[in-house]
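Each structure below is given as structure tokens.
What follows is a pair of complexes built around chain A, which joins chain B in one and chain C in the other.
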Partner chain A sequence: MLRMDNISVHYGAIAAVEQANLTLAAGQIVAVIGANGAGKSSLLMSLFNQPRPVEGTVWFEGVNLTRLPTHRIGRLGIACVPEGRRIFPRMSVLENLQMGAIHQPKTHWQQDLEQVTSLFPVLASRLGQMAGTLSGGEQQMVAIARALVARPRLLVLDEPSLGLAPIIVQQIFAALRQVNRQGISLLLVEQNAHLALQLADQAYVMQTGRMVMQGSADSLRQNPHVQQFYLGMA
Partner chain B sequence: MAMACKSWLLRVIGWPLLLTLLASPFLLLQMGANGLVYRWYAPLWLLAALVGGQLLSIALQRLHVALSDTKLWRGNRLRRLSPMAKGWGQRLGGMALILLLLALPFLPGVGRYPIDLATSVLIYVLLGLGLTIVVGWAGLLDLGYVAFYALGAYGYALANQLWGLSFWWGLPFSALIAAVAALLVGLPVLRLRGDYLAIVTLGFAEMVRLVLINWQSVTGGPAGLGGIARPSLFGISFSNSPNAGQIAFHEWLGVEFSTLQRIVFLYLIILLLVGMVYGALRRLRRLPLGLAWEAVREDEVAAVSLGLNVTRLRLAAYMVGASLAGIAGCFFAARQGFISPESFTFNESVLVLAVVVLGGLGSQAGVVLAAMLLVLLPELLRDLADYRLLLFGAAIVWVMVKRPGGLIRQPRPDLLAAAQGRVGEEAS
Partner chain C sequence: MPTAVFASIPNGFVLLGFWLVYLLPSSPLFQRVDGVHAVGCFWIMSLTLLYFCQQLLNGLTLGAVYALVAIGYTMVYGILGMINFAHGDIYMIGAFLGVLTLGVLTALGITAPWLVLPVMLVMACLITAGYGSAIERLAYRPLRGAPRLAPLITAIGVSIFLQNAVQQLQGARVQTLQPLFTSNLVLWQQPVAGQPDFTLAIGHSQLLIWGATLFCLACLSWLINRSSVGRAQRAVAQDLKMAAILGVPTDRVIGTTFVLGSALAAVAGVLVMIHYGVVDFMIGFNASLKAFAAAVLGGIGSLSGAVVGGLIIGLVEALWAGYLPGEYKDMAAFSLLILVLLVRPSGLFGRPEVSKV
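Moving on, here comes the complex of A and B:
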């Protein structure tokens, strides 16, 4: 479904990602873990050509994304929950969701709205509230819901657990599992390796811009290096 | 409790008082049989009417809250605001305001000066509404908005002189010219970054002004263009000596000729234009295009990853804003009958920008209030001669300190109503 070949992302002289490879089969959950500044977000955003990778190609369902302008990529069936949520703070929750569904036929709207509000029931009572006044957890839910109403086949998430209480994180990850069961593939970037490896089928470890390890989530959980550096075990 | 009491007082006394003060120049002076008559009591009537109206709307709102089903909002702090009820009160108030504005020129004792002044205010309301799309909604800083105003005015004036284009065709023509100019300026700039627009627009406005001054053979240079055709109504002219094929209004009606007739007609035209634009923008704001503009302003990266074409959206905002300035320019030219580059200086851009910022960046009602304030205040202060600008500046600073978010602070007065309206639809 998704294949990133030999991707490098540079910011001027800084090389954030160097020759990274990643594949994701339809229906899978793939996690990318790594320390701060490893280049995870850069890798993710390079899917959307933000910024465009300096080398390598990204294939999504047979389409080469690196040639497309960002706004076209958002219409292909990839939706993104960016790092730091990036909801529209001075618009209502409902309007945030409407922006997610802006390229969908009107006939989907009713059903999709019901679906995301049953996924995150708290949002149902917040639809008229300005999104910027929501709690951090609720904002994260809005960001995910906004991506889901775009009816993606691949959902890309950048640190959905960032700054949230464990109980909320549990809720969100349970919701993600449910989303995946409906047939949506997930590409998940996380600092929280515990959670990510629990959820994922396949996982990658990034370190200073390079992919240093890959394998099934279970095998990585057993890996002594991963245990020591990412799972915090002695 | 104290807070609630304060906001209540503001609503019942504060706003009516402010509106009355703003309207008093219209009401205080009256053209009597022997010169100007000073009517100290006239504003009191307005004040009484407004306070009464507010009380009535509050009563209606209470009633509606009591009657309506609040289940949907139980336990939610939005409940108290009951947007539906507010919609009722607002609708009534809006209707009363429209009637009052329509009737203004026919009210006994309203003379030429107040109508003329109101026409000026409305031109700035139109300009402010256009710029509020660009600055308030799309978040683009335009420092040269006057360029499109000038292009609209000169566009109509020249087309009228060269091809005999009438005012009513001039309106869409001027809008089109301004929009095309916005496209040409915006296309190369908006592809880069929104921020560059401020500088480029500033330069563009100056360029337009210099061309108007120096291209003497076409624009008449600093002397300007005169003899621009006034608006007519289905072949009825408002001049003393109409062109061939036209009937004079006063002959048609069999009354004495007066330039007041034309002034009233112009006022009604701009009132109609502003009303239409106001209504259209209110609607547009809740449509996908209006929401997408806001989304781009709020977070460009998020918007683009949702598939919004940021460049095209910005360009659209810039063009719609420009075309409204073009329409305002066309009206201005037809009203004055004479235009010159002097009317289109940088000051004008600043004034319109002040209207938008003072109004609360994106609030339509705010634009109306701010335009009243910024056009009427200098008129009121006329007697102070040299200190006028100083006081004017001080007043603006005072307003911005007291109400840093603008006169109408809430950027989305219709937000709650819109949300609940739609939720209501979905629930039923």
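Moving on, here comes the complex of A and C:
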């Protein structure tokens, strides 16, 4: 479904990602773990050409994304929950969700709205509230809901657990599992390797811009290196 | 306990009534003319007050025009974080297109104001909107992502270009034209001993300016706050890259912003041309300074700020010109701007600058 071949992302002279490869089969959950500054977010944003990779190609369902302008990529069936959520703070929750569904026909809007509010019941009572005044957890839910109403086949998430209380994280990961069961593939970047490896089928480890390990989530969980550096085991 | 007295609203009304009925009429603003009006009207407004009202009306007219132009500045700034210095010249071109349309219509023998006016406005809006969108596409879009200074300099270049182009095409002389509306709505007529009556009046062209401004503001407010185009516009203003990731064609949205701003400036240009009856290729300069000051005063990026700022600048200018040496009226407007910015650096309605990701 998604294949990133030999992707390099540079910011001026800084090389954030170097020749990274990643594949994701339809229906899978793939996790990318790595330390701060490893280049995980840069890798994800390069899917949307923000910025465009300086080399390599990204194939999504047979389409080469690297040639497309950003706004066309969102319409192909990839939705993104970016680092820091990036909801529109001075718009209501409802308007944020409407922005997510901007390229969807109005005919199934009600149905999609009901679906995300049943996934995150708190949002149902907050639709009129300015999104910037929500709590961090609620904002994360808005960001995920905004991505889901775009009816993606691939949902890309960048550290959805960041800064949230464990109970909220549990809730969000339960929701993600449910989303995946509906047939949406997930590409998940996480600092929290425990959580990520629990949820994922396949996982990649990134270190200073390079993919240093890959394999099934279970095999990586057993890997002594991963245990020591990412799972914090002695 | 005086505070308690003021805090309770009914008592507040009593005090206000006391002031209105008893204190205000005995103030020098009003003078008593006994036995003139039979129907319960004991008080006639003094000339001082009438004169003040006249300046107020003039100020509101000027302010409405500034507001229309200021909106263009504030919308573009809200989305791109840049000052479109060519905007004042767009306004000037709007006025000239009005003159041209008027000339063509007159040549065709069409002179009925109710027909001429809409045609002028529509023509000016359409063509000016085209100009605005062309400027964005040719001068600013290629510089998207460049350091902030680059589009700023281009904007100044475009402004100089437009001024000179119009000067070449239309000549440098001030053009005067027949006023379309000459009649007034008399609000108050005050006899003055030994002189002609003092009349407090609103020109029909002033009413037109207010009406058109209110109509434009209502449409704009609906568009921005209620329509999906406006929603996309606000999203782009808040986080351009995220909007693009969601599938918003950001370039098209930015183009729309220029089209809207230019159309409003054209409306302002045509209205001013009708009201004052003079136009030259430099009118954009003064208006753009004032409208820009209005946008900054109200808090650049804020639509309501642009409107309020425009009205304030217009009122200050008119009142100053009415009472104090008129040559200093621009200084008054800009001094006020500086004072406000000293207290509220982000303007009246502005948000403190947050650096965007």
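We adopt the following convention: the second predicted complex is superposed on the first by the 234 of 234 C-alpha atoms of A that agree within 3 Å, B and C clash if a C-alpha of one lies under 4 Å from a C-alpha of the other, contacts with A are read in each partner's own complex, and residues count from 1 in each chain.
Heads up, the rule we're going with is that contacts are C-beta pairs under 8 Å (C-beta built on N, C-alpha and C of every residue); 3 or more make two chains touch, one makes a residue touch a chain.
The shown structure was predicted, so the numbers you read here are calculated from the model rather than taken from an experiment.
With chain A as the common reference for superposition, the partners chain B and chain C occupy clashing space.
Of the two partner chains, chain B is the only one that A:110 touches; chain C does not reach it.
Applying the stated contact rule after C-alpha superposition, one finds that A:208 touches neither chain B nor chain C. When the two complexes are superposed, the chain touching more residues of chain A, out of chain B and chain C, is B.
Shared-chain residue A:74: touches chain B and chain C both. Of the two partner chains placed by the overlay, only chain B lies in contact with A:94; chain C stays clear of it.
When the shared chain is aligned, chain B comes close enough to touch A:128, but chain C does not. Note: residues 48, 50, 69-75, 79-80, 82, 86, 88-91, 95, 98-100, 102-103, 146, 150 of chain A belong to the chain B contact set and to the chain C contact set alike, using the contact criterion stated above.
Remark: chain C residues 228, 231-232, 234-235, 238-239, 241-250, 357 touch chain A in the complex. Touching chain B in their complex are the following residues of chain A: 48, 50, 69-75, 79-80, 82, 86-92, 94-95, 98-100, 102-103, 110, 113, 125, 127-130, 146, 150.
For chain A in complex with chain C, the touching residues are 48, 50, 69-75, 79-80, 82, 84, 86, 88-91, 95, 98-100, 102-103, 146, 150.
Those residues of chain B that touch chain A in the complex are listed here as 75-76, 78, 83, 288, 291-292, 294-295, 298-299, 301-310, 411-412, 415-416, 418-420, 422-423, 426.
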